[in-house]
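Chains here go by letter, A, B, C, D and E, matching the order in which they are written, and residues are numbered from 1 within each.
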Amino acid sequence: MELSVFQDYGPMLLRGFGVTIFCWLAGTVLGMLLGLLVALAQRYGPRPLRWLLQVYIEVIRGTPFLVQLFVLYYGGPLIGLRLDALPAGLLGLTVYGSPYFAEIFRSGFNAVPIGQIEAARAIGMAEPSIVRRILLPLGLVSALPALVNFSIILTKETVILSIITVPELMYQVQRMSTETFRYLEANLVLALFFWGLVETISRAGRRLETRITRHLIERV
Amino acid sequence: MFSTQTFFDSFGPLFWAARYTLLVSGLGIALGLVIGALVCAAALSRVRALRRFAALWVSFLRGVPLLVQLLLMYYLLPVIGINVPAIAAAVITVGICASAYISEIWRGAIGALPPGQSEAAAAIGMAPRDIWTRIVLPQAVVMSLPALVNELILLVKASSLVSVVGILEVTRASQAQAATTFRPLEVYLAAACIYLLINLCLAGLGRYLEHRMAV
Amino acid sequence: MVQASAVEIRNLDKFYGPFQALKQIDLTIPPGKVTCLIGPSGSGKSTLLRCINFLEEYDAGEVRIDDQLIGYDGPGRKMSARKLRQMRRSIGMVFQQFNLWPHMTALENVAEGLIRVRGLGKADAATRAAEALRKVGLEDKMQNHPARLSGGQQQRVAIARAIAMEPRLMLFDEPTSALDPELVGEVLQVMKTLAGEGMTMAVVTHEMGFAAHVADQVAFMEAGELVAVDSPDAILHNPSDPRISDFLRTYHERNAF
Amino acid sequence: MVQASAVEIRNLDKFYGPFQALKQIDLTIPPGKVTCLIGPSGSGKSTLLRCINFLEEYDAGEVRIDDQLIGYDGPGRKMSARKLRQMRRSIGMVFQQFNLWPHMTALENVAEGLIRVRGLGKADAATRAAEALRKVGLEDKMQNHPARLSGGQQQRVAIARAIAMEPRLMLFDEPTSALDPELVGEVLQVMKTLAGEGMTMAVVTHEMGFAAHVADQVAFMEAGELVAVDSPDAILHNPSDPRISDFLRTYHERNAF
Amino acid sequence: DLLEDVKAAGKVVTATDMHYAPFDMLNNGTYEGMTKDLFDEVSKELGVEPVYQDIPWPAELPGLEVGKFDIIIAPVTITPERQERYAFGLPIADATVGLVRAAASDAVSKPEDIAGKTVGVQQGTAQFKQLEAYGESLGGVTIKEYGTTDEAYADLAAGRLDAVAGSFPNLAYLVKNRGETFALTEPATFGEPKYFAWAMRKDDNSASFVAAVNEAILKMHDDGRMTQIQEKWLGAAPDLPREVPAN
């Protein structure tokens, strides 16, 4: 173990970590929004749209992120879509995450007892209000752990952005290890940074969870 | 520009490699579901030590990248004198890693079940194991099916990481193919088709179960 | 004072798969009056109530509220969601299973509709909601979430939620099943006032005394059929159908003490 | 014939946070007898019932079933889960909200406990379960899931689930709230038979007639306190406490017709 | 002693990244390439069976260090930094850095033309170092680093790069396969000659094993097998030094 490498590479690694966090955050938030839209369109949209979205979900979800990114970045120019690495990465991450988020939202919605939605319909609440006030808060109860789960998985998918030269943490770590042969240190950095990030996310998730389930311990 | 020839030629070797993808992800999923249920039970148990253990398990396995876990299992265990064959190391690592995610998904679904139902079971003196397998899990599994299928599909794709321990699965084979043909786009698309095929089966199975078990 | 609604039900059929839950129901619920639905368990009372506000899609026949068909624009053509919503705004419902929203306090449960549907401001809505909860004797549990309320308290929140909306037609599905006798008296009082203010009510109940006291007409159902509709006196004291007399006999037997 | 259980409750306190739901309850439920709990909504009846089978952990005092403390081995020492389970096997409970298992049919709901707890074979359990369902008049709905049952049908499944287990002590939380008069009569008959077969029963109810007909003793609760325990006759006709007479007056008023 | 252990076991465990044509490739799941042909012969000389494993490049050097295998037969460019940490065998191929450009464009036709342009290269390779130095001498080149050369080639085809630097044999093989898309610059290489060799552990335990491998390579030089294999895969046989170069 030689800590001196961090003197030379520390700033670069930190910058890489910054890029990783940025990509993750933007990709997760945008992906979640897109996923929510997809889930809602699947619930309320007309049949042909639902069918189309089903295809979208299965294709995006069923293929590896690496391939999607590769096709988007290296294949895009063939059809005139020329994006820079970072925008391509963010677009890729958003699209990649959306079907997963959509399915998680769907399963959350399914867990909401129909009676509670009927109660809202019966007083004439508009469907958007029902979604915002009843479906989402109650659906989140069961969906939250899965949402946190997938957000955590997305942190790790960000390393794939290195194949399109987004200078995130993995890119920098690889650079350090190939230049210095400090594999142990490099893996350690990777593990530590990711553990830190993941711990932060899961803690935030747990806190949110206790907040929203606080009142739900049902009794007889 | 796009070489359909390369695209179609790639399927042969990729199908060959898909055996390992199927083997590792299939066994990994099975292992993950079983361990996941146990970990979830521990996380919800009354015993503080079990809850702690489950929290640690989840936090470690979600926190450390699967790649690192594989390397630990394969390269570090031998240092302390335990030698595992590559395929076993891959299956075990993938299964253990999946259990962390699966247990969290189930925990969420179980949290949404009205507690009155387990109370009703407890009130007639049903054992925790029975309450778990007969009342709680069946409902939680159905409720969480979409999220679970999500996870399993991710697992199939994540199984590509096992190539670091020298197993030739689809992704690795496609990389090799790309390096000889110098046509990565075509080859990766072929690989994507194979993943899509496997994952469509999973998704279809999920939808079928969801449909069948819906009450 | 608002105008109470009139409900006309004609030849209503409802199937659950092969099972026919409602058979050719013909019923008029006159405006500003209380109609009680009684009958054995599983006879289709809840189903009928749910067809009136179209929570349950009926298979044949018509339900008209103030001459307006609910759920359909014409034969086979579903009504737009917007129009259905508009119609439902003047219909209140208290569910047999309460269906409270577990993530909201008692007060929020009642205020929600006032804010979202009536467009009241938060403060206004809270005031009106608190008033409705006071009417059902829950002033000291307003901040409790449903999980922290007893069965009867939950039922009263459900009632408050419905009456706070001041609908022109109110559908009650066993509004007093979890209430003790004293509270039933109070709720009954509230309902009488509402009726006096020009609200039409359809009430499913198992309590004959309740029906006798508040109903203007009583409908008796059995096995998906409407056996008789008449004044409470006629149904409860001079039943024309033997099914009704059988039903009432056991009631008298067990309530005398 | 099995031996019915006796329950002794001494100085029982139960708090929900700062709110005291039970205040120094002292009550003996004699073996083979029916004890009815009556009282206003929110007075603590369900809570008391839930303390008896330790679904609710009590904060002070004792609950003894056949001289055996439930939930604790000694002061402050929790009972092992295994032992608690053992004790619960001889206690049945019907919940105010039914708590049926939605993923099982009516038949499976009833058979489940017989298979898992009583160790019966599948076929035996199904036979016994069908018999229990027949007793409550549900032979034609055995294959329905709870979501496809009416309120009263659900309640009857809950009752069948409890009686099929043949417990020595049965806790009923408003077992007839969703039932029509005829069915109440039938259920009452079933319960009388059970009592005759040596089962102890504690029944929360709002129906005084029911209490008058089946109870051996009646306990009246208010605001977490046990106001009086006496014979049905004494409580219902010569109440010693003005709170009870008030409570009963409204009942008579509204049930007379 | 590693040599004795290997002989006693009757097999030598190797690692290589099987996607670096024409050295290491998987053809329908079967391993082939110049490295394989060479090492088959070396194993014969050692009198043991070779065990070939496909290990991704990032895992190779760490794996070697913990003894997961005896030798890395993937072509590793000899550099002074690496020599400090690993023992290299005799050069097995030319690794001089070269340039490839898009066939459709002649913006870059000779190495000097990359001045002021964007050039891709695999991260952390010896070729990267040389490109960097060469770029400085030309007064500035924008260098983009990639995880593998495949991605750099893909980006060249996508038009984001003007050229890609890599080891000459790999570039030559690329152009042979996809001549319609890629072309070599004229001349193809720049900078000082570099060589590929096999990496082994640098400890006393391995010393005799390294010596035995080198001895086998020398023998192949002498009897013409080396030239024959080089010609088979590269089309020509470069002059390879008969000792490990200092850099």
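In this section, a residue touches a chain if its C-beta (ideal position, glycine included) is under 8 Å from a C-beta of that chain, and two chains touch if they have at least 3 such contacts.
Molecules present, by chain and UniProt name: A, B = Amino acid ABC transporter permease; C, D = Amino acid ABC transporter ATP-binding protein.
Keep in mind that this is a model prediction, so the values were computed, not measured.
Asker: By the touch criterion stated at the start, how many steps lie between subunit D and subunit E on the shortest route?
Answerer: Counted as steps through touching chains, the separation is 2.
Asker: Please identify the chain with the largest separation between its CA centroid and the CA centroid of subunit A.
Answerer: Relative to subunit A, the chain with the farthest C-alpha centre is D.
Asker: Going by average Cα coordinates, which chain is farthest removed from subunit C?
Answerer: Using the mean of the C-alpha atoms as each chain's centre, the farthest one from subunit C is E.
Asker: Look at the interfaces A-E and A-C and say which one is made up of more C-beta pairs in contact.
Answerer: Output for the comparison: A-C.
Asker: From the C-alpha centre of subunit B to that of subunit D, how far is it in Å?
Answerer: 45
Asker: So how far apart, in whole Å, are subunit A and subunit B when each is placed at the average of its C-alpha atoms?
Answerer: 18
Asker: So what's the Cα centroid distance for subunit A and subunit D, whole Å?
Answerer: Distance between chain centres: 49 Å.
Asker: Give me the residues of subunit E that touch two or more other chains.
Answerer: 58, 62, 151, 154
Asker: Could you tell me which residues belong to subunit A and also touch two or more other chains?
Answerer: 70, 74-75, 78, 141, 217-220
Asker: Subunit D: which residues touch two or more other chains?
Answerer: 46, 55, 95-97, 99, 173
Asker: Can you tell me which positions in subunit B touch subunit A when the two form their complex?
Answerer: Per the stated touch rule, the residues are 1-2, 58-59, 62-66, 68, 71, 101, 104-105, 107-109, 111-112, 114-116, 119, 143-147, 149-151, 153-154, 157, 160, 171, 184-185, 188-189, 191-192, 195-196, 198-200, 203.
Asker: For the complex, give me every residue of subunit E touching subunit A.
Answerer: Residues 58, 61-62, 65, 81-82, 85, 123-125, 144-147, 151, 154-155, 157-160.
Asker: Which of the residues in subunit D come into contact with subunit C in the complex?
Answerer: So the residues of subunit D in touch with subunit C come to 16, 38-42, 46, 96-97, 141, 148-153, 156, 173-174, 177-185, 188, 206-213, 232, 236-237, 246-248, 250-251, 253-257.
Asker: Which positions of subunit C touch subunit A when the two form their complex?
Answerer: Listed in rising order, the residues of subunit C that touch subunit A are 53, 55, 81, 85-93, 95, 97, 99-103, 105, 112-113, 116-117, 145-148, 151, 161-162, 165.
Asker: Subunit D touches which residues of subunit B in the complex?
Answerer: 46, 114, 116-117, 119-128, 130, 134-135, 138-139, 142, 213, 215
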